[in-house]
Amino acid sequence: MNDVEMEKVIRRAIEEDIGSGDITTDNIIEEHNNGIGVVVAKEEAVVAGLKVAEKVFDEIDSELKFERKKDDGDVVKRGDVAATVTGEIRSILKAERLALNFLQRMSGIATKTRRYVEEVQGYDVRIVDTRKTTPTLRALEKWSVRIGGGHNHRMGLYDAVLIKDNHIESAGSIGEAVERVKGKIPHTAKIEVEVESIDDMKEALNSGVDVIMLDNMSLEDMKRSVDILEEEDEDDVMIEASGGITLKNVQRVAETGVDVISVGALTHQIGSVDIGLDLEF
Amino acid sequence: MNDVEMEKVIRRAIEEDIGSGDITTDNIIEEHNNGIGVVVAKEEAVVAGLKVAEKVFDEIDSELKFERKKDDGDVVKRGDVAATVTGEIRSILKAERLALNFLQRMSGIATKTRRYVEEVQGYDVRIVDTRKTTPTLRALEKWSVRIGGGHNHRMGLYDAVLIKDNHIESAGSIGEAVERVKGKIPHTAKIEVEVESIDDMKEALNSGVDVIMLDNMSLEDMKRSVDILEEEDEDDVMIEASGGITLKNVQRVAETGVDVISVGALTHQIGSVDIGLDLEF
Amino acid sequence: MNDVEMEKVIRRAIEEDIGSGDITTDNIIEEHNNGIGVVVAKEEAVVAGLKVAEKVFDEIDSELKFERKKDDGDVVKRGDVAATVTGEIRSILKAERLALNFLQRMSGIATKTRRYVEEVQGYDVRIVDTRKTTPTLRALEKWSVRIGGGHNHRMGLYDAVLIKDNHIESAGSIGEAVERVKGKIPHTAKIEVEVESIDDMKEALNSGVDVIMLDNMSLEDMKRSVDILEEEDEDDVMIEASGGITLKNVQRVAETGVDVISVGALTHQIGSVDIGLDLEF
Amino acid sequence: MNDVEMEKVIRRAIEEDIGSGDITTDNIIEEHNNGIGVVVAKEEAVVAGLKVAEKVFDEIDSELKFERKKDDGDVVKRGDVAATVTGEIRSILKAERLALNFLQRMSGIATKTRRYVEEVQGYDVRIVDTRKTTPTLRALEKWSVRIGGGHNHRMGLYDAVLIKDNHIESAGSIGEAVERVKGKIPHTAKIEVEVESIDDMKEALNSGVDVIMLDNMSLEDMKRSVDILEEEDEDDVMIEASGGITLKNVQRVAETGVDVISVGALTHQIGSVDIGLDLEF
Amino acid sequence: MNDVEMEKVIRRAIEEDIGSGDITTDNIIEEHNNGIGVVVAKEEAVVAGLKVAEKVFDEIDSELKFERKKDDGDVVKRGDVAATVTGEIRSILKAERLALNFLQRMSGIATKTRRYVEEVQGYDVRIVDTRKTTPTLRALEKWSVRIGGGHNHRMGLYDAVLIKDNHIESAGSIGEAVERVKGKIPHTAKIEVEVESIDDMKEALNSGVDVIMLDNMSLEDMKRSVDILEEEDEDDVMIEASGGITLKNVQRVAETGVDVISVGALTHQIGSVDIGLDLEF
Amino acid sequence: MNDVEMEKVIRRAIEEDIGSGDITTDNIIEEHNNGIGVVVAKEEAVVAGLKVAEKVFDEIDSELKFERKKDDGDVVKRGDVAATVTGEIRSILKAERLALNFLQRMSGIATKTRRYVEEVQGYDVRIVDTRKTTPTLRALEKWSVRIGGGHNHRMGLYDAVLIKDNHIESAGSIGEAVERVKGKIPHTAKIEVEVESIDDMKEALNSGVDVIMLDNMSLEDMKRSVDILEEEDEDDVMIEASGGITLKNVQRVAETGVDVISVGALTHQIGSVDIGLDLEF
């Protein structure tokens, strides 16, 4: 996510929450009243979003001083201090909920990602996200996946080709679909095809694609696909497993030897991590 | 959510996903190739977001014809058709993921809300959301809560007063905090105070607030608070229970006689509902 | 008004006035030529908008040094210095008109508000504004009302219910209109009803509304309404007088004992206060 | 004002007023309930802003049918119908206040302008506005002046040169200031100089400017300036009177023979015209 | 370029050109005066931008009827009609310059691209653009390149890796730079390295990159690089020639057998094509 | 160009280029690695855009220190250092291409303008641009023309009248067209008419216009037009030559005595100047 976009998202969020004014804080807390806000983990998690939180406080009041005690990607335990913010209590209170909303969601994604990554430790495989992200916040969510140790799939419809069943049906065959796209896209873009059978997998391989996504295949067929790749000596082609991957089966999927496992749940089942802000006067 | 804002959110989301172009669809699917996209529930849910999905398709291609088969708030079962969209396949495919992302998240919130609402059926109590929403998408999420049968808490810091522990500590007492705010805010705005003990609850009551939020209180103390209100004949004051409410305990909370139960999890633990789009050529 | 919005308004205003460039100043005044701009009141007024003016100068040239000599809400007399701004003459001249346009209008509203407030001094009543504000600048104008000692009515259609004649006619009765709205809105939002007769006032009272607006009622009926409230011991309900209120009759309205007097003229008859900027080389 | 800008202003105004939703109308008025809104003048005025009002209704609900009964610039009497709008009552009520706010302010400016124009009828002189406009709404206000029969002064700092006292002081002399600017600006831009004495007026004339603004001069000096122009046979140069012009003295100023009279009050003392919307069910 | 972005660019351009109004056309051409604007080529060219021009006319006046006589990518000769637009003369005149500015520039890029493409006809090589585009208009320019028969290089810094000399120097070696990036980027993104010698080319090849850019290499070294690729049987790796490519030498570069030739001049030396609009009353 | 607009253009350009992130630099270059970027001319040119480049670096990373070694408008020779930028290598690399794209194009325009200006040195004539600019970047391009020693024609349709053939045909005659516009436009705006014959030139002169544009006239007719002006003693009216002006004939056009020569090619045939950035570690 570029900084211009991050600033825009944060400023929109401030307008959303504060609107015509914080009628509680502005009328109760006096000016020039300083304090320290302590950002504390209330449960174990991979912390993510500290840079965003820092920017939230800065946009609300550029006089606030934010100090990171942890870095994005660090594991925090219940009670650990992730950061402190010092300055006007008014400003800290206005920014609190927004900063936490970013932190909790981003940490939620990073923490879940970390679990998947740990589950496949030792295997030469990467856990990746999908396009099933919250509309307008994809960059933040894909950043959280990276913080959690995962990798990103393509960012959108623009940076890589992913040929799915409807494209294939419309073109007539996998080969024809690949053919149509090959001569048009930037030579710097890869082509991935989603297949549902071994036969299709072979056809994709022969069409010269870069990545083959095995959609909802059995573990046996995954293994078989990996074997075919080896037999054909196509070590430049990557195999991606997709569909129905959970924490329970991800290791078995990794065992099949696939290169990439994509997990929609990383971003479409967001469990906010409990992180709070304690104010010291 | 006003229509101008809805359009802005959708257009940002389109730019995010399509960027410099859908290099797969634009290069494979030919123009003037029509089909029907069928929006199907893959699991039981309260459907929400059909108006947003309709607008997504319309923004991508104003020639697409969207027909609702269900209304926002309807319960759909696995296999139920929620809507159909007819027109250029190119356009349907480009809009698919984005429309589904909105539908799945909004339906996820509505479905979870419905579960809480059903749990307290028969009690004169409302289930409400919090400010723990996804930054920049609060209006959509609060709309989903209403679709699910829940109610909204305040929309932001601007439309109602909510005095919390830090405000009280800064003012010196609940009475002083209420006093400061009372003379300043619009006469159309209500004042709510968050309390953690029966004593504080009484002080809040005497300060003349409109709503008292019982934060993480025991069921006994909730009941006691309701009784005090009745004893004092303060039927204009509302009692809100908050903190640690789950599907497991929400009914017991309702039994205490509180007027409002606020549940952060409605929006900060978002489980996307599985809704798909089947394309018919 | 939140700071993000204030910055946006000011930046739009700068683009409007400077456009492709200040072809007079840029071509005549040399760079690195410093001076002092003195913001002087040319007539007695309540000054308002100094924070906005400061931001205007800062956006034009962040090197300019703005010093407040008065605070928003202070009464200034002809000749009083409200602020000074030091730095490049080029920058001061480019910002001059825009800073003054904000100051003059905001001070105009604050000054008029102050007159109404003084007129009802000694009565337990608040002077409030309406939604008759300049489109897109409501937050600035409602802020000016507060600076002048007045209070705000609801900020828009979103933060409080105001049931008017057309709503009542559409619903069938006041009671039915209130009923429809009560179960839907946030429990933190108040309900106000506009009535034109004592009978309607009574119906509103029985419907359990929070505020009753007496629209264009006689002084006698206003008094009668206040009495009814007392008789019914409904001290939680507020009475608002509205319609045709002027500086001439506002005191008599206050005498009736109403709680709130809303005055559209505060913002829809804007008399700019004469404030100038004298440049010292 | 270009249409893109008009749409942007209106959409911002809708977001300002409706925000997260019109909680009164949305909860009381049922869908598919049609009516007619009749825009009626409550006092005599020059109507202005009908195109803007039409666009407001269209942006709120493109199904609404707006019919003009009067044109911008027409004089309406109390009771005259300026326009009607037919369609969903919900939509009409949501748009009402905003449409009226535009109409009332723009008509206020047009009506005041018309009074000045009528006052100088028969004289070969134009009434013009200034840059003392409401920040961000200048185009709308200058449009209102034209509708009222007045003319516009320059639109901003970018489209014409106006050399004022501070520019002259900084340059050293009128001649030097004109010299500096002449070689730099587009050959399509005019140069105006503000002078405070007959001597300065002569110097400006000799410097080859296009327009001379007489700032706060006596009627005698204005007349003298006009005479000098005639004596010098400089009929291409225009004389503009400025400063302290009111309805009371504008005719006498016109008598002096000046070409242009600029009146800041056209836009900085805005009296909204009373225009209402009556709803027929 | 997605449609939302195209609309935004056009609307900004309209505001830029029309600003506070077209003071010539609005004051001379009467309303309801219809005519036909004929878009005519004044020289031979590949026409590009007709979709953009159509949208310009539509944004200025949605009543205008635009009819394409040629398609983007067609070759037009002097005198050929590319399109006609029918409707209000006022609207046609306001849109004319802007529509032509888009058409002329886009056609300029497409025409130049076509020349390069024709020059290498018969060779299995693609002509691609670079990031040397006009800031904020890259999508339009890269679209023009495609219309002219060329291909796009990466769209920006986000969709493909391009390791240049400074990256290599900072990492220590090509191998190390590739290593750092390989494990981090989406598996759908390709890696390209810019090399300046045969040795570096070999190192890049061994590092497992997808594309090797030969920067300012001699024809001999280009040929040598192609040979090495064949010797190593690395037919999945592409060779891109870059630097100093002109119409004069592009064929000789193609002869070396490289896969891609990137030409900065396609977009950074823009010769507008002469296309005019003739108005028929 | 005002600073707000400049910042907006640059921020849009950053989003365009960096998008979801610079996946090369972010993954290869380590943080806290400083260097110096040296902006060097690779060919002789008039440098323009240094202020824009400085702002680009500042927006990417406000810690970067930019030092100008040349000023906008200076002539640089191959090898001359125009500026240096010191700080994080990551930031310098991210900003490099964008800063150069601005510099190269603006310098291209300034350099071409300078050639025209030098060609007519000694003549009392100004070289001006047209509206044939890159959509949305007109202010930058017209600024470049001024830096190159040229002058600007009107900025858009809003700041001066330019009556062309279609306006004349629609009005019936030059005189009628001028008449219609004269009474409507600001008195600060000039009127220019485009004529194609001596007869039309005389009619324009008699209509009292400020500038006469000779469109594609022969050198003899240009001379004749200048003579007529002198004969009529109309030294306030300016003559502008337009159409088919090239570096080859511009001097002969100047010799005819016209006041202004407009050259579309200044901005519609943009040759980027070769300026590079050398990084020192």
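Here the chain labels run A, B, C, D, E and F in written order, and each chain numbers its own residues starting at 1.
Methods note: contacts are C-beta pairs under 8 Å (C-beta built on N, C-alpha and C of every residue); 3 or more make two chains touch, one makes a residue touch a chain.
Quick caveat: nothing in here was measured; it's all calculated off a predicted structure.
Student: Can you list every chain that touches chain E and also touches chain F?
Tutor: In this structure, the chains that contact chain F and also chain E are A, D.
Student: Among the remaining chains, which ones contact both chain C and chain D?
Tutor: Shared contacts of chain C and chain D: B, F.
Student: Suppose you list every residue number at the chain A-chain C interface; are over half of them used by both chains (same) or under half (different)?
Tutor: Looking at both copies, the contact residues mostly diverge.
Student: Nearest whole angstrom, what separates the Cα centre of chain B from the Cα centre of chain E?
Tutor: Computed value for the inter-centroid distance: 45 Å.
Student: For chain B and chain C, let me know how many angstrom lie between their CA-based centres, rounded off.
Tutor: 32
Student: Give the residues of chain D that touch two or more other chains, as numbers and ranges in rising order.
Tutor: 18-21, 139, 155, 158-160, 162, 184-186, 189
Student: Taking the touch definition from the header, please name the shape of the chain graph: line, ring, star, complete or other.
Tutor: Contact pattern: none of line, ring, star or complete.
Student: For this entry, which pairs of chains touch?
Tutor: After working through each pair, the chains in contact turn out to be A-B, A-C, A-E, A-F, B-C, B-D, B-E, C-D, C-F, D-E, D-F, E-F.
Student: Given the complex with chain F, which residues does chain C contribute to the contact?
Tutor: Residues in contact with chain F: 11, 14-15, 18-21, 59-60.
Student: Please give the residue numbers of chain C that touch chain A in the complex, ascending.
Tutor: 1-5, 139, 142, 155
Student: In the complex of these two chains, what residues of chain C are touching chain D?
Tutor: Residue list for chain C touching chain D: 9-10, 12-13, 16-25, 27-30, 33, 89, 93-94, 97-98, 101-102, 104-105, 131-139, 155-164, 166-167, 169-171, 177, 180-181, 184-186, 189, 268-272, 279, 281.
Student: Going by the contact rule at the top, pick out the chain A residues touching chain E in the complex.
Tutor: Per the touch definition, chain A meets chain E at residues 126, 128, 146, 151-155, 158-160, 162, 184-190, 192, 210-211, 236, 238, 240, 259-260.
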